[in-house]
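The following pair of complexes shares a single chain, subunit A, combined with subunit B in the former and subunit C in the latter.
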Partner chain A sequence: MAASIRRSRISRISESFKIAISEIWRQTPGKAALVLFILLVAMAVIAVVTITPDFLVKWESASYWEDNPVVVPPCWVNSLGYKTAKTAQIYFTTPSSMEVSESEVRYIYTYNYTLDVNEAPKDLYVKAEVPLLCEEGVFKAPTIRVTVERPDGIVVLAWDMVIEPGKTGENVTLTCGSLLSAKTSKETFRLAEVTSAIMDKYNITVPTEIAGTNETYVITANSIMRTTIRTELENKYLTILSVFVKPISYKISLNRNTTTLEVFSKQINNLKTTFLDLGINIVLRDKIIEALDYAANNITWVINNINTVTYTDYLIAMNNAYENLNNVNKLALAASAPVDVRSSVDDLTKTLGKFIEVATTTPSLIQPEIVFDVLQGDYRVNVTITYYGVKNPPRALSAKIGIIVKGGCYGILGTADKGVDIATVVLYGTPIALAIGFATAVASVFIGVIAGIVSGYYGGFIDEAIQRTVDVLGNIPLLPILIIVGSVAQRTFTGEAKSLYIILTYIGILIIFGWGGTAITVRAMTLSIKEEPYIEAAKALGASNTRIIFKHILPQVLIYAAAVLVFNVPGAIITEAGLSVLGLRHGWPTWGSVLSSARAENRFDVWWWILPPGLMLSLTSLTFVLLGLAIERIVEPRLRTL
Partner chain B sequence: MPGAGSVILRRGLILLVTFVIIVIVVAAIVEGTGYSKDIYEAMIREIVNGEVMALRRGGNITEAFIEQYKKNRTYQLMVEFELIDENGNEIPPYRRMWSLVYRSLLFNFTKTDKVGVANVVPTTAPADVASIIAAVLPRTIIVVTVGEAIAIVIALLIGPRVAYRHGSLADRFTVAYAAIITAVPLWWLAMIFIQVFSYNLGWFPRDLRGVATVLNEFWNNPLNNFVEILRYITMPITAFVIWSLGSWLYGLRAMLLRVIREDYVMAAKARGIPERLVTRRYVLRVSLAPVITSVILALAGSIGGMIITESVFNWPGMGTLYYAAIQEGDSMTLLALTIVYVGVYLVARFILEILYIIIDPRVRVR
Partner chain C sequence: MSEVQVYKPVLDKQTKLVVNGLKVYFPLRKSFVEVLMRKPRLYVRAVDGVSFDVKDGEVFALAGESGCGKTTTGKAVLKLVETTSGSTYYLPSRGIMESNPYYALYKKVSEYGHIDLQGIPDKLFKPLRRDIQMIWQDPYGSLNPRRTIFEILSEALEIHGVGSTKSEREDIVAKALEEVKLTPASEFMYRYPHMLSGGQRQRVGIARALILKPSLIVADEPVSMLDVSIRAEILQLMMELKKIHGLTYIFITHDLALARYISNRIAIMYLGKIVELGDARRVIENPYHPYTKALVEAIPEPNPERRHVIKEPSIKGEVPSPINVPTGCRFHPRCVALDQHPELEELCKKKEPPLIEIEPGRYVACWLYTKK
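Here is the complex of A and B:
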């Protein structure tokens, strides 16, 4: 009997619920609201099902998003005319191929990356977790070798390193099969080899009309150029990105400025005058003058032929001058020339020596200029894990190899600072936002309805007390209270659940200040319902106060309460977001916290950072406003009867 | 009219009582959680360190003396700040809080040594918290009042036209605009504004902090500075107007629709009174009082929204001061801001209520 009554009550409630939904669906804004609402709930469900427990704690740490490029737009912008390299984060658990020879076994992991825009990726690295093999009690640590086959045919050996167990002297107890991890870096990149490979491929050499014919000097000139190119790649392409570039033009010139040479020449002539005036051994003096003349002539020759001289001839002449000056130095010592004269000869010799040294080690004489551009096309990245001396290599290596190319775009919604994936945070922010909104709305409407009914039905002292409380609460601005209590909460709460407690504090304050409006309206409704004849009839039949309230008043108030509840949901969500933007961060991945980080980093120029969370806030808010309006239209005739 | 006077007095009294209650509650919260103790201890440390440094500069002082001095002075100050009584016993929070209440009611706050907070004015730290707030408060009031005034004028101009053409395209557009714009957080609109008008179009400064200098040196070159201020203030005010216009138009439209259907308006029209006159004398005059009611009710929301928005624009008002204080963990400034904010809000509300009583004769009779 009781069960059937209960069932009939449930069926009645579900019946009226169905009617309400169809009433809402009949209105255009109501339809939009329902569709949006279902989308929101779907997002929330997906988020709750897929979220990992550590996400709430770790989402703000940079290491969690290590493989993502930082502050890049979503990838679909390429169809809007943006040009961005795509991002690849490929993790292998099985090798692409395996080669076994007598002395070694190689596991090869291959990934093909296509670069189809004129922009180099931002980073390239390989992460490896490989097992330590052992055979007959001997540990076998592997080497890792990363080669890149470029579209232009060059095969670049980018990294070649031994994976060493327990690097920094920690107490690692190694066992067979324990995993060793390694990550390639800028420091271990073989830039010298890559530079040489590029120079060979594109025949970048110093031309004979610049370098001359002397083999040593040709080699010197080329090595200066190599160093320059290397520095360029290091600075402009952050070392690693040299994998993705090719030279498009280069120009090598000889410094034809003679100012320094003229200074040398003048100083030698000055020395000559000095020596001519000295009263020293005449034979030695003549020899000194002769050597100075030779030196001067060599330099003058360079000055006179500066427009045609080659690097070889230039340096040979300078070396001759240097030898002669050295000679002068010795002769001056033999002739016991005055100390000041000898030291000025010595100084000049040293300066000239320095000049030659600089000319053979830095781009001071040989001045290469080279322009690089991005090399588009198909790249093939090969990661080779090699074990030496393993007789029975395992077929399935329990290794995890990651090849990461950080491009200029990422995912559906791009990334924020630290590489935070905005799509993920926006998705996981949905259930939190809805929870905050509903918790606040339900609790404050619940309190409001109860207070309103009690106040209206019983009247007297209780009514007066509730009304005055509502008066005072209505006079208080909410924001400053939220801020001071929020910052107290931030200081007071510690530990793992800190974020939760802070949010609960916000919700608590919002509830305390949120029930007043509902209470006033419900009180008015109760007052008018109380005067209805059927209430009097019920009282006459001996119905208790509880029965009258639950049977006659509450059902009429409820549908109004539903409208208020729906209207109240977005307020709390937006307030929480606003507090985050104001700097009161709680640490959970909410829409507000994404916007807050944009505020903190001062990056309002990044549209993909501020649009999605703000749009979600606005759409959520709009959903409930429209839903509320639709419900209100159903309620309206009842409200008019008041 | 004695009726109006007593109503005003009563309202004023209620608001004053509300203020005192809020101050007491806030004091209880900050004392009860130990939050204020941190403030005091930081302050005492600051004062003692400052004095010790001055002593050191004087020279010829032994370390032992300094240690002793520190200890004595800390004790003395703890008594002064009422953390402990003369016997060295700790004063419990429920007794201690009353001195904080007393000081807050007199707006007597101490100094802050946080550079970031002082920079909002800008002035040099350490600076008096009360004077910092006094310097930034007008900047917030200007934006809110000017924005609110512009929004009301536009709403009064457009509202009647829309209401008369109930159901027309313009009317529906207004309703849709109101629904959408109220759903958008004002401070997010501000972010979009900065992106579009400052970054993409380059019309306005990206950061409005610079207006502080212009305001402080206004009288050196009033004309130039006025133009410069316009360049800074346009974005916050425009964003505020666009946002608040939504609820204004919606509210006014609903109000007018109700009044237009009244019999006396019909009668006035039937008498042949020009439509404009009907609108002004018979419709708008009656609608004004409820409009002010909605201003009063929306006041907290619009000031609150503007506080967060200011911090987004980095407009050096209350909002940016809040942001700076939160970033620097400056509890004293936060506490002072709370008290002042509540005070200013209640005063604004009181002014509006007086206005309401003047405009609406029914209240006077009641």
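Here is the complex of A and C:
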């Protein structure tokens, strides 16, 4: 029956689409192309569905990625033999435990971090958003205490902070339950306590043969040592990372250089000669000489015993010399010695005093050398939020606590500068790339088809005009034009939609220069189709030019145009990437912009920064080239035998 | 013969179509050097002054070898090629013209309602296309391979607004297919041309020509590309349809045997001109013009016993280029009769012979007969 054979136009189109797909699927490259294409489309769909509206604007700001380690490889490299500390970004909304006593309530958030490689994490901090509790009209702000239980048993109180509502919330009117935010920083890190805890745990003290026995000087020596180590830790590691280290060897030595002491001794002897030559009171002079002798003897004793002297004895001797010189000073005044002599005594006394002061506060005499290493094992980070004087504490505290440990690897594709997650950008770059590619290809093929058909069908002056335009456009080098227009666009456009306008400019240029080839081929096709007998037959029926173009020529040209369109897609994507790499940035997260940032930072050694966007570009091109090949074989049946 | 009767097409009540002094010249593109040297533009003189009339209901054959301009003449009648000069007068069938709002605008050239087709602008010509249709030589090329038979046939309906709904058009198409004996029509309707045989395609071609119910059909070698076995079928179908619809055919062919079989009158063309015109049977059985004689002699002998006799061709040389048409009688370089009548040489080479009546209804353009 006729009705059973009758089919609607839509079902016929969808049927021919199905046939086309199965034709593509029959070929090996077509199969690969379809799989890759579906993958790309899936990525694009996921990206479009998951993208947040502010991502396009904020993706290049460092604050957006502040929790990510900077320029680290992906985490799967660990299975390739790399040794990197893992990254943890843990956010708690409910406390791990809660302790209530009469005067205070503590909410404890606990996170266990395992460090199993010989590399310290790059950073550790806690971000907290805690509510302001109210009781009987009184605001109760909490304190935040962060302790780290190390695998060696040391419990380090890393931070102890009081959250002051006035400081954190700028001019916000505080109400009960309004959130106060706080973040631990390097500056508030209690380095001194951490160092002390480590020193105590590993029993690092200045040995008696160096320090001597005098209690005061032993304490001084130890304090100098700790200060020195602390400074060293501060310089060598990020302050915070001292949480993750342990000393593996140490050596504390005494400065046994005698040059300064010999200068002192010589100057005292000089003073002695000066006083002997002076005509002053003999009694006083003898006393001065005696005191100078004492001082000289003390220093000489240190020089003589420099290899065995302890810190205590060293300083006692120097103190004696200082006292005697002080005495000389007084006696010289009493004997009314000449001003220049007295001032030289005074200078020497002061220099010696300075020497002693330096020796008791800086590592000029006590010189510690400690070698630290990473302490592997299980760490436990406890964040304790404490409210004082809260009688009815809430069970579920509406706080958000983030514990961030920046490790040596991140995610599935690693990070770039500013901690940009490459996987995210590559994913979100997919729909943008496809949009650029398709927009350019569709528009240029559309213009090309129209121009080609008009040119071929109507001929004459229009044909000549279009073909000469194509010739001119085809002979203008595209890249310089793009560079010029791109840099002008970067300066011209401002405001929020700047990126969009720049990309649209690129697309516009690519369209203007991209339709020529299609136009030439379509013109040739039109010329040959125009001469087909069935066109003449249609004319004999009275068909108008429009009808002949739309019903007879266009359907045949369109199949070819589909193949060209598919072939044209990667060109635009790669051009955009190329322009980005050349520095003509637009500001959107495209694959080209990732490559561009690698170039800007001059980090060609970072493979995980360059390969993923590069591979995506190649894969996309491959997809469309394979797809184009498959479609071409359908369009051009002669190729099927190849 | 004292009074020489030069051929003049008759324009009377029975005349369906008159072609008078039709010329179709195709200009050649000048090369750059030729433009610089200011050489005159050259033309391909495809049709160079053709006149004939076609009576209502007859089969008028246009015969001649390839390149003689017979197809171009046919296309000129349908205004598919631009004519250089000359006129075509056409008497539309009654029904068509009544429904044509432009009819009153057309310039009438006779009291019977003949219209000057050349004088009508293209837009106004469109309704007339319903009345003049063409059957094409190539059943393979003349059907768009990407469209179904229904789409091909209903195109004419869409163009002329016949049938408003799809089912209405389907009915018309089905009827047309049944008419050309492509049954069951519902099955053929949604096939593509490549699914049909050559004969079936030509039937589709005929159906396309007939679907608008024309009265004049220009059939351009409709069977020349078909297998011999199905030629008769197609011709029979055409004759049958002619009888049913009262059609008039202009039958373009190079096959004189075929022309004799189907046509009432025949015009023999050579290099864009008619050299002989008259009753088909008489012209072919008793040709006057040396060219006609040569053509008739070239008809294959159906009797197998005489097959082995190799006939001496009564023609020499090759067809000259229609760009440089020989002076005088355009056939003279190939004429065998000229060799036998050397006294005519001067005349034949210098002066073009007119198409004159030598018997009632028989016209020949040859000095051989004009001088008698």
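Convention: the second predicted complex is superposed on the first by the 626 of 642 C-alpha atoms of A that agree within 3 Å, B and C clash if a C-alpha of one lies under 4 Å from a C-alpha of the other, contacts with A are read in each partner's own complex, and residues count from 1 in each chain.
Just so it is clear, a residue touches a chain if its C-beta (ideal position, glycine included) is under 8 Å from a C-beta of that chain, and two chains touch if they have at least 3 such contacts.
Small disclaimer: the values here were computed from a predicted structure and weren't measured.
Participant: Examine A:G542 and indicate which partner it touches, taking first as subunit B and second as subunit C; both and neither are also allowed.
Facilitator: second
Participant: Let me test your reading of the model: by the given contact rule, A:P533 touches which partner, first (subunit B), second (subunit C), both or neither?
Facilitator: second
Participant: Who touches more of subunit A, subunit B or subunit C?
Facilitator: Higher number of touched subunit A residues: B.
Participant: By the touch definition at the top of the document, which applies to A:I356: first (subunit B), second (subunit C), both, or neither?
Facilitator: Neither partner.
Participant: First (subunit B), second (subunit C), both or neither: which does A:V625 touch?
Facilitator: In the superposed model, A:V625 contacts subunit B only, not subunit C.
Participant: If you stack the two complexes on chain A, which partner ends up touching A:K551: first (subunit B), second (subunit C), both, or neither?
Facilitator: A:K551: touches subunit C, not subunit B.
Participant: What is the shared patch of subunit A, the residues that subunit B and subunit C both contact?
Facilitator: Looking at subunit A, the two contact sets are disjoint.
Participant: Help me check something: in the complex, which residues belonging to subunit C touch subunit A?
Facilitator: 75, 78, 80, 126, 129-130, 133-134, 136-138, 141-144, 146-147, 155-156, 159-160, 170, 174, 186-187, 189-190, 205, 208, 212
Participant: What does subunit A use to touch subunit B in their complex?
Facilitator: 29, 471-472, 475-481, 483-485, 487-488, 491-492, 570, 574, 577-578, 581-584, 595, 598-599, 602, 604-605, 607, 610-611, 614, 617-619, 621-622, 625-626, 629
Participant: Can you list the residues on subunit B that touch subunit A in the complex?
Facilitator: Those in contact with subunit A are residues 14-15, 17-18, 21-22, 26, 29-30, 33-35, 38, 179-180, 182-185, 187-188, 191-192, 194-195, 198-199, 206-207, 300, 303-305, 307-308, 311-312, 319, 322-323, 326-327, 331, 334-335, 337-338, 341-342, 345-346, 349.
Participant: Which residues of subunit A touch subunit C in their complex?
Facilitator: Counting only subunit A, the residues touching subunit C are 1-2, 5-7, 532-534, 536-544, 547, 551-552, 555-556.
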